[in-house]
Structure formats: C-alpha cells, structure tokens
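Each in structure tokens, the structures are laid out below.
Two complexes follow with chain A in common, the first pairing it with chain B and the second with chain C.
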Partner chain A sequence: MSIAVDDEHISTRMRLRARGWDGVTLLILPAVALMLGLFIYPFLYGFWLSFQPKAGSLFANYARFFADPYLYETVAKTLWIAVPVTLLNLLAAIPVAFRVRLMQRQRWLTTLLVLPITLGTVLVAEGLLNYLGPQGWLNRTLMLFGIISSPVKLLHNYWGVFLSLVITGFPFTFLLTLSYVTGIDPALEQAAATLGAKAASRFRHIFLPLLVPGLAITFCLSFVQAFSVFPSAVLLGAPAGPTRVISIAAYQAAFEEYDYSLASAIAMIMGFIQLAIVGGVLALRGLFYRGPAGGGKG
Partner chain B sequence: MTNNLNSFKTLRLQGVGRNFGALNVLKDLTLEVRRGEFIALLGPSGCGKSTALNCIAGLLPTTRGSIWLDERRIDTLGAEDRGFGMVFQNYALFPHMTVRQNIGFGLKMRGVAKAEAEPRIDKALATVRLESQAAKLPGQLSGGQQQRVAIARAIVVEPPLVLMDEPLSNLDAKLRLEMRQEIRRIHAGLGSVTLYVTHDQDEALSLADRIVVLRDGEIRQVGTPEDLYARPATLDVADFMGFRNRIAGVVTAQSGATVTLDVGGVALTGMTHGAVVGVGGNAVAAIRPDDMVAVGDGGDGLPAIVEAIEYRGRDYFGQARGPGDSELFFRSGVKLGIGAPVRLGAEPGKVLVFTGSST
Partner chain C sequence: MAISAFAVSDATAAPSMAAKPLSHRLWVTAVWTLIGFFLINLIAMIAAVITSSFASRWLRSWLPEGATTKWYFSAWSEFQLDDVLVVTFQVVFAVTALSGLIGVPAAYAMARREFPGKKLIMLLFLLPMLVPPITYGIPLATVLYRSGLGGTMAGVILANLVPTVPFVILVMIPFIEQIDPKIEAAARVFGASTLRLFTSVLLPLLLPGMLAALLLVLVRTIAMFELTFLVAGPTSQTLVVALYYAVFAAGVRAVQSIDAMAVIYMAVTVVWLIIALRFVNPAQIVTRAKQTKAH
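On to the complex of A and B.
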C-alpha cells in the first residue's frame, strides 16, 4: 500500500517538473512579490482611479482627453518626436556596430558611450543648454568662421528635444545593437562570401534577417524610453508648444490641476499607445527566424 | 572574373605563411597541385590545417607568400571573387534558411535561374541523402545531417577548387564510408581540385591522390598514399602513419639499406630509406602494431611483459613493457594473460630505422 502512495507522490513531482516546476522555481518568488508591489498594484490602482473622475460618468476622463485638442494633440506630438528619434538612433547604430564589431579596443569606446547614460538626461540637458544656446560654443564657433551670421536656434523647440534624445538614446541603442551584431557567428559571413555573395548581399541575406528580431527588441526599448521623455522636453523644448509631450500633460493634470484621476487616465492612454506599438513590432518580429545565430554544432 | 578562374591547370602555393600575433601558425607552405588532383592535408589537431584552408579560400589574409592559379595571382582577391567551394569545420550553415535554401544560396548569388537551379539542388540533396530533410532548418538536423548539408552547399555550384575541412568527422562508420565514395565521385565529376583536410590517416589514404603531411605549420612530406604508407620520410610522419612503436637502439651493422640495431642486448633488423646511419650511432626503429608479433618465448624477439590486451575482431592487440622501460604495441593471434612474458619481433622489411634518438 505504502508503495502505491509513494509512487503517486513521485509521479506528481515528476509531472510538475516536466512542466518546469521544481525547487528552482521558488527563486522567482521575490521577483514576483516585487512586481506585484511596485508594478501590478500601482497599475491596477491607476487603472481604477482613471475611472473615478472628479465629475461626470465613468469614462469622463477619457472623453475629455479625446475631446480636448490641447490634450489629444500631445499623442501626435510625442510620437512625432519619439518615432523619428528611435529610428534615427537605430539606423545610425547599425553601421557603427558593424564597424566596431571588428575593432580590437571595443572597451574604450563602450565606456565612452556608457557615460551619457550614467550622467542622466537632466545633466545632458544642462550641458546642451550651454553648448547649443545663442551664446554657446557651437553658435560662437560657427559665427567665428563666418558660416552663419546670426545664432541658429537649436533650443526651446523641437530640435532641442530631438538632439538631447539622440544623445542620451544613441549609446543605449548602440550597445544593444552591438550585442546583437556580435552575436552572429562570423563564419556565416565567410560561408556566404565563399558562395559568391558580395558585401551588400551578405548584409541583405545573412545579417539582416538574423538581426531583425534583435533590432525589433532594440526599437521597442529605445522607443519606450523616448516616448516617456519629460525632462528634456521641459528644459530644452517648448513645453507649451511643439514639444508638449504626453508626459507633460499628465504632469500638469496631476500637479497643476490636482486631478489625479485625469492624470491616471492620461497615463493609461500613454501605456496603451506604447503597448500597441511594441505589440505591433513584436508581432512583426514573430515572422522572422529567432533561433541562435550560430553556424552549427561543431 | 570568376569565369577565368574556372579553367586553370595548376594551383600553386608559394611560401604561404600566416601569423597570429607573434605566433607563427603556418610556415612557408609551398605546393603545386594539378587540376583533377585530390589532395589530403593530414596532420594532428592544431597544426594549421584550417588556417591553411582559410588562407586559400580568401577568408584569412596571408602574412607571407602568394597563391597562384596558373599565372594569375589570387591571394589578393576577396573570397567572393575566388569562387572556391568550402565546407567549414563547424559547417557555418545559415540558421534562418531551410536546407534547400542553404544549398541554393550559391546558385542564387551566381544569378542562376530558378528553373536551372531547382534540379541542381535536388541532385545535390540526393548526393548527400537528404531529400527528406529539404524543408527543415539546420537547427532541426543532427550533426551529421548538418555536415552533409554543408557538403551539398559547397559542391552544388561546381567550383573549380573544393576545400573541405574534416567534412566527415561527425558521421557514423557506415555513412562515412559511403560519403567517402560519394566525395570521390563528386571530385571526379567536377574534374576539379579538392583539398581535403583530415586527421584520419585511413581517410587520407583511401581518398587522396597525394597526401600532404602537416605538422607545426610545416609540410613534413608530400607523396602518394602508397609512398607515405611504406616510406614515411621522418619519424614524425611515421608516427602519423601508424608506426606506433618507437624503439631506440645503437647501430651495430649496416649493409645497404639493411640496418641492425642493438636494443638492450637484443638484435633488431630493419630498413632505412633515408640517410646512412653509421655504425655506433643512435637510431630509432619504428614498427606498426600490426607488424609487431609475438615470436614465441625463447625466440630472438624483444623481451617484454604484457600489460594490457584487447580483442579487436580477428586478432588481439596488446601493450607490453619492453627493454629500457619502453612501451610496445603488438598483435597476437591468441589471448595472452596480463603479466605474461612475451618476445616481440617484426620482419626486417616492416621495421623502419631513422637516425637520432627517440623522444
């Protein structure tokens, strides 16, 4: 009898293990708790709050957002900054990564590039204020050489935010791209070359298809960063005009109008847009090969 | 450009060398290969075989020397302009393409029309027995199947020079024999030059018209399989051709090619193909385990004590401790007990004598 019980006991454990549940699974518990406390709970709370408007029906906040151009236009303005910046960063990162992949002293360059990330957006914004301002080095140098006659306006408009997002976003995009590029077995390119593929064909037929899944992830992460831009949009942009991004609208709702419910609704809309774009990109990624980018078992 | 390269008569390596930093991996490779020849590059692991192949294919720049097809210097061309077929040691299959797409890649790059390419791919698939796997991705194949895809991919474009880096290392014994014949047949069909890297002497002997023995990045000997098997030029090459027994002794007599050694008080007679050794000098006798047999106790062989014995079908092969604590490998028709005393000897014609002392 006891044998039968034992058998059952073992088979339950085996069945659990076969589904990926064993002692190691317990190690994820702290992470789950953290997620619940810091992410899921505030999200659900915000979600609930967004349906508790100061006045009006359940959907009053959402109705107000999409009725008021001052609010709904922030979506287009944010996308108009975030999408081009992300694409530019990505397109610039690819050729640089391909070149750096072959370099001996990658570590120096990597360190140099990580600096803007660690400095943070506010410090970079401060630097840019000095550097790009009407009395900054750039304008003074350009005027000194007679290239321009009056200072170019690069601050407190679209381009100020654009530049600062490129500067803080590029290193991140680049490092991620580099890791994907170096993850491709160089023997694959060599094999393609012996089969007669020129450099352009090798890129198109070998590297690009293997890189697309990684580039999609890179795009998503970079895009989410750029989409939630706040400090540089305020410090370097025109926060009342062309760079009134969606996070500014949320900030004003919360801390100028003290309407936390509306602020929550804006945050939910912001999250939904990001989710839609990231989801779309990831769905496209699913159409490509996503296995290891190695050449064989040897 | 590639078309001109297709009809060459000789491939010539002129002092080709390659360094990795301060490390001199390939030293002065000089070799001339005629069209239609099957050359095996034989050598132990790490001797520079893959490096040599990569230099010829154009995947590694050479540090010294030049490579020629007839009067045309090619070591300055990129790999894609040389158009040589290469089977990589680690296969290097394109992981995102099916077996069929992998094999068709070379044809696509050469602009071969689909109507012509399809039957050629089918034929290549049949050659490597992979018709049923055509739609799979490389990641879904076994190691041996991947290796065969790599072979098919290289030969489907019918290159004038095929470079193969241990293409059969992952196959089972039966399939390996089949693929050997297949590779010979492909070679004959293409009328091309095949450079075949292996560290398996059997494979080299059975496939090649000529064998190049490489060691420490240097060519030690070039010759026909028969030549190398019977008359290795140095002790190194002999070692690689299966002469596992190396017995050090002192020359006591020499007449013509026949040399007699004194090995710890026992006489051992053999042949020398190289330099005259000289009476009183040190020499080493090399003997294959196959030719080293028990001559019965009380005979005039080397006295030894059996330490291990194993059955290999047909015969037993053993290891024994001989004069001067030397290790001897021998063949025996009967199973000998461990610890039994034996006397081991070989016909003089099967004993090769080299000058110098054993190391």
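On to the complex of A and C.
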C-alpha cells in the first residue's frame, strides 16, 4: 500500500509509529476532542468570562463576591457542613471497614450500601423529608422510647443537610476505605500477630501507616462531594439561611439573575477552594510519610 | 480481592478468638450497632416513601389510614410521566451508546500503546471524574446555552458524556490490558483483516467488560441530577430532574403524589441496578476511579 508513497512520507510515518503514534493510537482522538471541547474549553471560557463582569472593572465579580456577606458567607457555610460530615463519615468508615473486611459475605452489605449512592441525593432528600419530619418515623420512635418529649426539628435547617450527606456520603466513604483496607497484604498482619502484637497495636503500627495515603485520597473525594452539595441543601436545608451553600449562590447567579459572568466567578472560587483543600491534604500526606514512623495518629 | 479478604478472616480470627477480652467484644458490638443503625435508618427512609405513596390519608399516626393506588395514576398524569420517561430513556440510551462508541476505542488505544503525552491524556480523563459535576456544570451550561444547545436534548446528552466517557475508559483500560495481545497477533498471522479481527476476535473478548461498564453508565446517567438539571429545558427533563422540581414545588401537589413519582424513579433505577449487579461487584460503582488513580 505504501510502496508508491515517497521516501519523506514514509519516514515521517515511521518516525511517528516509532514513538507510538499509529492508527490504533488515533482511536483516542474522539474522546480527547470531547474532553477538550466539553470540559477544558468551558473551564477556560468560564475563567475568561469571570473577568468580563456586567459592570465594573476586570475584578468586579471577585470584588463583589468578597464584599457582599450574602455571597462570601457561603464559603464558610459550605465548609461548616462539608468538613464535619466528611470527618464523621471517614472516622465511622474506618472501624466499620475493619469489621466488614472479616465478613464472609460482604456482597449483600455492599449492595445495600450502594443503594443510596445509586438513588442519588434528590431521592434521599425526598425520603428524608418524610422520615425526619415532625410526624415521621424517626421522631415517633425517639418519642416512643422516651428519648425526647417533643419532636426534634431536623428539617429545613443545618441538620437536614448534614443527615442527607451522611446517608449518601457514608456508603461512598466506606466503600472506598474498604477497598484500601482489603488491598493491604494480610501476611503483614499475620506476621505482627505471630510476634504477639495486639489488635490495637497492629492497627497503629501496621495498618495505619499503610492506610494513610488511601485515607487522604478518600478524604479528598468525599470532601469534594460534600462541598458541592446542592439538591439536599435546597430541599432539606434553609437555602436562604444557614445552608445557603456556594453552589446555590452560583446557581442563583446563573439561572435567576442571568449573570453568567458572576456565576462563572463563583464556580471558579468553588473550584479553587476544592483544589486548595485537596492540595493541602495531599501535602500533609507527604509530611506524614517523611515524619517519624511511630507517629500513629490519623 | 474477595479471596484475600477470606484469607484474612481465617488467619486473624483464630488468634483473637482464643483470648477475647471484654473490651474487644464491646468494640465489636459497638461497630455492628453502628452498621445496623445506619442500615435501619436507610431502609426505614425508603420504606417511608413507599408507604406514603400507597397511603390514602396519613397524618399524625404510625401508619396510614388506608391503602390506595390512586396516587400513581394522579402522579402519572400530573407530572406527565409518560413524556418524562420517554425523554429519560432517550437520553440514557444515547449517552450509554455514545460513551461506548467513544470510550471503548480510546481505552483500547490507552491500553495497547505507549506514546508521549499519555500521562497528560490520562489526567484529562481523570479530572472530570474527580471534579464534582456542579463545579464544571455551571461553565459547561454557560457554553451550551451560548451555543444554542442549552435546553435541548442534544445539550443534555453532550453534558452527560463528560463524566461517562472517562468512566468507560477507566473501567475498560485494565480489562483490555489483561487480554493477551498475542491473540490479536495470531489472528493477524492467519490473515484476518482489521474488520474481521475486530468482529471475530476483539469484540467477543471485550463484550463482558463493555457490558459491565455500559450498565454502570446507564445507572449513573439515570441518577445524574446536577448536569441534566443545569442544561435541561422543559422538554428535555429526565425523571430525576422532574422529581426535584416536584419536591421543590411541594405544597402544590399532594405529598403522596410526589412519593409515588419517587417510587417510580426508584423502580426504574433499581431494575437497572439489579441487572448491573449481576455483572459487576457493587463496590465497583464507587472504587473504579480510585483504583486507577492509585498507581
């Protein structure tokens, strides 16, 4: 086929092939084009658009965000929900993962836990509206056992959003943690047990140092999800008050004020905060590794 | 992975059984109580939705006064669920087919070839899976609205491809890597053309992995709220977005009607989830992104 082609063409083609670029490699092009067009380009466009405010100077959107308490307070409010939820989910997931690791039949449990992740936040919000309500089964049960005397208010405030993030976030955090825990070579633990190390000491000196990198990534992925909470903050929280999270601010700017420039600026701030926290956690992980081996704290 | 978990249980259970202090038993009980408490609340929450959807009247009591199926009929007509379901399945099947067509060849190239810039391209596929949809959804929706695709079904399909194509690629790369390239070389030696190599050798070998990946894409797309919500217009809403609007405007319709719609949504999702779980491990729904990131 290529006999008729001149020497120079052949050499270019062969040079490319030698570097790994041949017909098969070209199969990635549609996927790469899609990602560039629908992920990278919108990000760059959004970044550019955030410096093209409706009125004012180049940085007017950012100046407005950090001057208006209704906008800048969303950062603290979101962190105030996302950080405790993520820590709680992670701290609960570790002991549970260590128990479930010993289970013979994990599949039914993982199947049940995958359910809230698959059904998604909207359905969990609708379910909790019923379940956590003043006449819902949770309040009724608590009153039946005499734990409370009148219904606790768990909806349209901080706790509604918090609990919905536990319902969807805990299974996610747990399944990630479980995959890291079961990924550790059991021979290491057996060796420690043979040498007389007790369970607590095996955890501290064998598992924890090996788990820290995985736990750091689990924290990042769970945090980023909790930080971008949207439907449950609207449906279960107080979207004008304590649970006015940053994604609500971005959504309102775009689809209620039609100020795409401000919305892009808020989305960029949101992405930047996520990046900063993830970067910080991963940097801490690096520190932990270089530190003394007997540190033993999570 | 499952096999190693069994091995651990045999090896470590034995010494801890011999000497079982009270503190250890208390700790184990506490952990199981925690799991049990979580599962009871989860199941009760879902049961509450189902009970409410069949309730004739349910106020100030543990259980409703009577059972009825009328809310399903009213939900069906009030929320135009026939239209919504048609749109949902059109979107979901288009997204699934397109992510397979774009993702599987890309995964094949990523698994079989080493080329400069491969790490950068891998990062390009990892990012949309790590960044939450609402963060990139707002700039993406802006671009789609500016280009006239916002509010259309094409826009919804395009937006949903952003997380699903990388997902297919990341699931398929390890699957393709474990197929021996010598099989393809042998087919070539016996004179198979590229088309014949693909249809008679590669496709049958890839089919189990593709089935698993695409079923997971299907389940994820049915439940994908944020991207569809940001891009969809009135005629391109999927079921989960319609459910959000119904809950958002609660008070306009009867609670039971919204719950009936939620049950229909659950049924649609769970049917596909059960089909998917016949081919994949449940943990795969969560851990795939991480496993690829780990190395």
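One rule holds for everything that comes next: the second predicted complex is superposed on the first by the 251 of 298 C-alpha atoms of A that agree within 3 Å, B and C clash if a C-alpha of one lies under 4 Å from a C-alpha of the other, contacts with A are read in each partner's own complex, and residues count from 1 in each chain.
Keep this in mind: a contact is a pair of C-beta atoms (placed from the backbone, for glycine too) under 8 Å apart; a residue touches a chain by one contact, two chains touch by 3 or more.
Predicted, not measured: the structure shown is a model, and the values here were computed from it.
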Query raised in the report: If you stack the two complexes on chain A, which partner ends up touching A:S222: first (chain B), second (chain C), both, or neither?
Result: neither
Query raised in the report: After superposition on the shared chain, which partner residues are touched by A:L123: those of chain B (first), chain C (second), both, or neither?
Result: second
Query raised in the report: Given the touch rule stated above, what does A:A263 touch, chain B (first), chain C (second), both, or neither?
Result: second
Report task. Check the residue A:N61 against both partner chains and state whether it touches chain B (first), chain C (second), both, or neither. Result -> neither
Query raised in the report: Is A:S201 in contact with chain B, with chain C, with both, or with neither (first, second, both, neither)?
Result: first
Query - Of chain B and chain C, the chain that contacts the larger number of chain A residues - result: C
Query raised in the report: Touching A:S232, do we find chain B (first), chain C (second), both, or neither?
Result: neither
Requested in this report: Check whether A:Q190 is in contact with chain B, with chain C, with both or with neither, and answer first, second, both or neither.
Outcome: both
Query raised in the report: What is the contact status of A:L210 with respect to chain B (first) and chain C (second): first, second, both, or neither?
Result: first
Report summary line: chain A residues contacting chain B in one complex and chain C in the other 185, 190, 193
Query raised in the report: What part of chain B is in contact with chain A in the complex they form?
Result: 2, 54, 57-59, 78-80, 82-86, 88-96, 105-106, 109-110, 137-139, 143, 146, 150, 153-154, 157, 170
**Report entry** Partner chain A, residues of chain C touching it in the complex
**Finding:** 1-2, 4-9, 11-13, 15-16, 24, 27-28, 31-32, 34-35, 38-39, 41-46, 48-49, 52, 59-60, 62, 102-103, 105-106, 108-110, 112-116, 118, 121, 124-125, 127-128, 130-136, 138-143, 145, 158-159, 161-162, 165-166, 169, 219, 223-226, 229-230, 240, 243-244, 247-248, 250, 255, 258-259, 262, 265-266, 269-270, 273, 277, 281-283, 285-287, 289-291, 293-294
Query raised in the report: In the complex formed with chain C, which residues of chain A make contact?
Result: 19-22, 24-28, 30-32, 34-36, 38-43, 45-46, 49, 92, 95-96, 98-104, 106-107, 109-131, 135-138, 140, 167, 170-172, 175-176, 178-179, 182-183, 185-186, 189-190, 193, 199, 214, 217-218, 221, 224-225, 227-228, 230-231, 234-235, 247, 250-251, 254-255, 260, 263-264, 266-267, 270-271, 274
**Report entry** In the complex, chain A residues that touch chain B
**Finding:** 185, 187-188, 190-198, 201, 205-206, 209-210, 288-289, 291-298
